[in-house]
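Written below as structure tokens is the structure these notes are about.
Order as written gives the chain letters A, B, C and D; numbering starts at 1 within each chain.
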């Protein structure tokens, strides 16, 4: 039974002289779960791309259940029984769940090219119930939440009776509830004897699901072994190559009484109800809530992206009766949205253009709508890029889309920091980025708070909130449910408040 | 081997640079020159350039709309309407036989000419009217696209059929002749050795260049085209930026209308009837993306040069009229193919740079 | 990297080969006459036949012909003719998009001192010298419709007339429409208000609009098409309605058109069409070519001559004696002969 | 109560094309009552059938996120070839139709090859093919009108079982086939997937080239079929045949809810209604005997209105359905 499902021997790959993988050896036993970790650029995605048939390997051999395996295209990998559940989901929003499940091979009427709709729906129902997703298979995928989409991806892998399922950062866009649902499904799969490779930056999750763990660094396999040999700290030190003493940096919390952001009875029917809170100078205020609890919607309303029907918003003691992004930016409010690809960055533009997008008016001659002072913008952006330690090529040319997730997030942050914000709203600032970058971002946030910026911090990582925030507000069903001071942090109590049903 | 490499470095740079379309055009020009020596004669060159200016004005306007992720199919009909209205303001005489059944006869024009005929301000006023109307129509397009959230293709397609219909309706199919000589001079005259059309369009291009490359507004155009959601989160007034792009396109159509009308010495309701695909084709061949966010003034110039040189060269060939169409299509296809190959090579190089 | 090199080599090689091919060709003998023939588009059979007659005749005389299709864009035509002038052609024949642009283009040719002939569509005014051959569209249309009206009078009932109007951007179609109205207005008691059907010189539009118009007013019994090339569409609409009947049949619709092409001739012979306005294609083509070649020979740079194609209405009555003058008939004859 | 109202709004918005039609009919019912006769409605459908068929083909290409500007030239070339073959080699109408469709398919195949294999932007490919195609057609015809024999034109005006005109029957068949292909076959669903996200489709193991090639070839075939049907009604092919029809076809498809960015749209009822809508407007204007010069102005107004309503509908529907999800949670 303990046969090797996947045997990787001496795999190497280089791009134009850069060694991305160096003689990597890796075994995955059938029925087991391998947790694969490493920082961005460590070679995880190269390895996975080789397995998925996206790129070809330079040297070495792969055996899949004993057979030689050289995929030439993604379809080969699928045929060989390897299923990917990608970070950016490969689902078609315009099609229904059933269509997505069967897109490469529909059940057909015998000897005809026509799709057998009834059997498609029946089979889809079976698959959906096996991943515990109770939705009609005709539902268009674009209406699903990220968690539900993830489940559809898993159902798709199960439909193909894949021999190996590879999860690549599956939890980045999931809420706590969805995450536990996902783990329940993974557990179920493991019990059925499914071979799984699980890749994630959330090390606790990797520890939770894996049987064995492998760590990559700079294209080499640093260590591998059974889970029991690993702890979060060991994983981090293996990945980074040195010890990280402290995830969450400490900070003197001497709050000042001056409220920077005041929200009073903010209401928008169906979204948020009667929200009141204050954010003080030097404070990091966390908001915790499940996906759909209204936390992201709340800050979108504050920033003026969505409308509200009643309530008051005061920013730095100024009333903002009709907020709009432009007005808020003028009042030194900054907002790092939760999805940097869709709302944070211009992916085609250069790092510099992204960084100075908001501050063009400041660095211009002949008034705020005039000509751009190139010297000044170059200086400002280069300074910021250095300050945030953004790793990129020349910032005038390097496109944002060619940066790693962590660096992309730093660019978004830097763009807002250049506006010298008084209040900074962060919505999931560390989603999908590696440990090193996370620690750096935490440090930046702390520095800001110490300098007097008020920070509103939204996250679905409770650990992170408890590590970073002076105060945590809990939202559920569009209402504020509870408030915790740093001294009374209690994971269970916070979760309970977040899960509490309406009223 | 080393020699070979050094020899290749320069052309490699050219092929991968922004100026590839220009290089292609130049090579094509040389090739045709070898076959038809008068291709490079100064009269032909003057001709060739005089054909560049009005088309370039249109393509620059189109580029702004393409950059914000739209498309403006109504440019040619804007030309028609403004041409007719401008002529109605300044024409010196209207032929009663042709115009007396016109609904506007006696209202804004009569046998004695247009609204301001003979007046010293007639030509400036007419130019003002043409540009203002062009911008007005652009504004309506922009409003429908930005505020009413209608698809640009349909909005401007409808505008195209509406305004070209309107232009024909206004004059009941007739062309308006007898434009003042000072207006016609815009199309043919010169300031010293420099043709006035060149002066106008080059300054237009310079303004466009400054706006796009050096101004805050320019960056906003690109930002809106690349990602409108990021742009709006960043506090950019996206609606106004989109509307502005269409207004500018209308303005450029107005300029084009002035130049073409002056060349043809008439206000024409069918002005530029089949020019639309040349305009968009030149923009796309130049490298301006139909999906928004990408475009440069230089690229527009290259695209226009390509089309104009192509047409000019076809005009040299003593072959049947249908063969000309076939050759024209094939040359466009070849240019596009070379460009596609080039993009793929350039993409590979970017990966190499990124990995380094 | 390797790709880039191959790509560059490929381009360079192509250019070298083509240049070589280009250089190795012989220069044109300098004594050969070159004539630019620029037309706006060949929409109707009339112009197609004219194009054929002119280019074939010129080429048969060892004259180099540059053909230019302006695709109905006056501006493009201007550019084409300027290019031809820059190329030192000896003469220009053009079918202009309209009379107004013709004046401008004639001006260009005059300035360059190249004789120019305008075919079938007159310049809007005679301020600039040119060779012009033209048929009086309005008069020919009026004559044809007048004959149709005569035929209608014999029926002793009020007629419901319909006109297929050409493209509203085209001068000829406006003139033909004016001619139609002149003839109709001469008989105020005979006709009801005429129905105008837009065709945009497009067969599909014609079919759809004619069908719709006859749906509304099925009593139409008098139909004039602004160009003969639309007869197939007229037939396609009338036939299912039982109105495609030869002369003499009570359901016959009095039919007329303008151009004089071979389809019109056949239909007249078969008795479906009452009258058609004829422009004399061969006369016009010959006249313009002779005038132009004559001017080139004499070294005139701005010759002026206004040649009127008399044109006439071919009717059932005068068919026997005048069909010889109809170009459609002669083309048919020639085809049958060959 | 609230739920009921929401349901009603939903139903109304989902059926705006139908409502729009009702509106159109009422307006013209008052202005030109004759236009509501059965015969006239049949005419509208008959006249809409050829643009409709081309629009159906165009839909395939638009669904992949492309565009085909060459359909007009395609119609011309294939009709000219078929017509000349019948004239010169006196082949029958059915072989001629087959020949016509083959030419259309070849035309589409060239587009498909350039788009899928050479990876050139569809806009430029089809623009070039539009110019080249017209030239090739003119090369065959020498710009002369090519007339079709009575055996073909008979079909254009004949009725199936004396009831329904053949063009409408063919239109219905094309729509049905396209519907089956798009909704009920794997390839059809894959075309939607490719249009939504080509890269994701490739990763999902879909043969994207096959989807693209199918779309362009079908577009070519349907364009030539539409052309043939049109000629069967017209009787002959003029040099300008098909010019500008690409815009009509795109307009019909977009009016019917097909997105120019790919992946969204349905052949039935969307595209069918789009094609018929445009034809109804122009037909009704002739029926109402409106001043010729005003036709394009009024028609543009109606189409603008239709597009406006449709965009209102889609923004509003998106809002409604988003909120619905929240309520379910």
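Miscellaneous remarks
Keep this in mind: a contact is a pair of C-beta atoms (placed from the backbone, for glycine too) under 8 Å apart; a residue touches a chain by one contact, two chains touch by 3 or more.
This is a predicted model, so every value here is computed, not measured.
Among the remaining chains, those touching subunit A as well as subunit D are B.
Summarising the inter-chain layout, the chain whose CA centre lies farthest from the centre of subunit C is A.
One finds 69 Å separating the Cα centroids of subunit A and subunit C.
If you average the CA atoms of subunit B and of subunit C, the two centres end up 31 Å from each other. Measuring from the averaged C-alpha position of subunit B to that of subunit D gives a distance of 30 Å. Look at where the CA atoms of subunit A average out and do the same for subunit B: the two points lie 44 Å apart. In subunit C, 42, 168 are the positions where the chain touches two or more neighbouring chains simultaneously.
In subunit B, 168, 172, 320-321, 324-325, 344, 352 are the positions where the chain touches two or more neighbouring chains simultaneously. Under the stated contact rule, the graph of chain-to-chain touches falls outside the line, ring, star and complete shapes. By the definition of touch given earlier, these chain pairs are in contact: A-B, A-D, B-C, B-D, C-D. Those residues of subunit A whose C-beta lies close enough to touch subunit B in the complex are 15-18, 20, 303, 305, 324-326, 328-329, 335, 337, 342-349, 353, 357-358, 360-361, 364, 368-372, 374, 393, 402, 415. On subunit D, the positions that touch subunit A within their shared complex are 180, 184-187, 189-190, 192-193, 195-197, 200-207, 263-264, 321-323, 325-327, 329.
On subunit D, the positions that touch subunit C within their shared complex are 32, 34-35, 37, 39-40, 43, 47, 50, 142-145, 147, 153, 156-157, 230, 233-236, 238-241, 243, 245, 279, 282-284, 286-287, 289, 292-293, 295.
By the touch rule above, subunit C contacts subunit D in their complex via residues 41-43, 45, 48, 51-52, 165, 168, 195-198, 201-204, 207-209, 211-213, 215-216, 229, 232-233, 235-236, 239-240, 263. Residue ranges of subunit A in contact with subunit D, taken from their complex: 52, 54, 74-75, 78-79, 84, 86, 90-95, 99, 102-106, 108, 113-115, 117, 143, 145, 270-271, 292.
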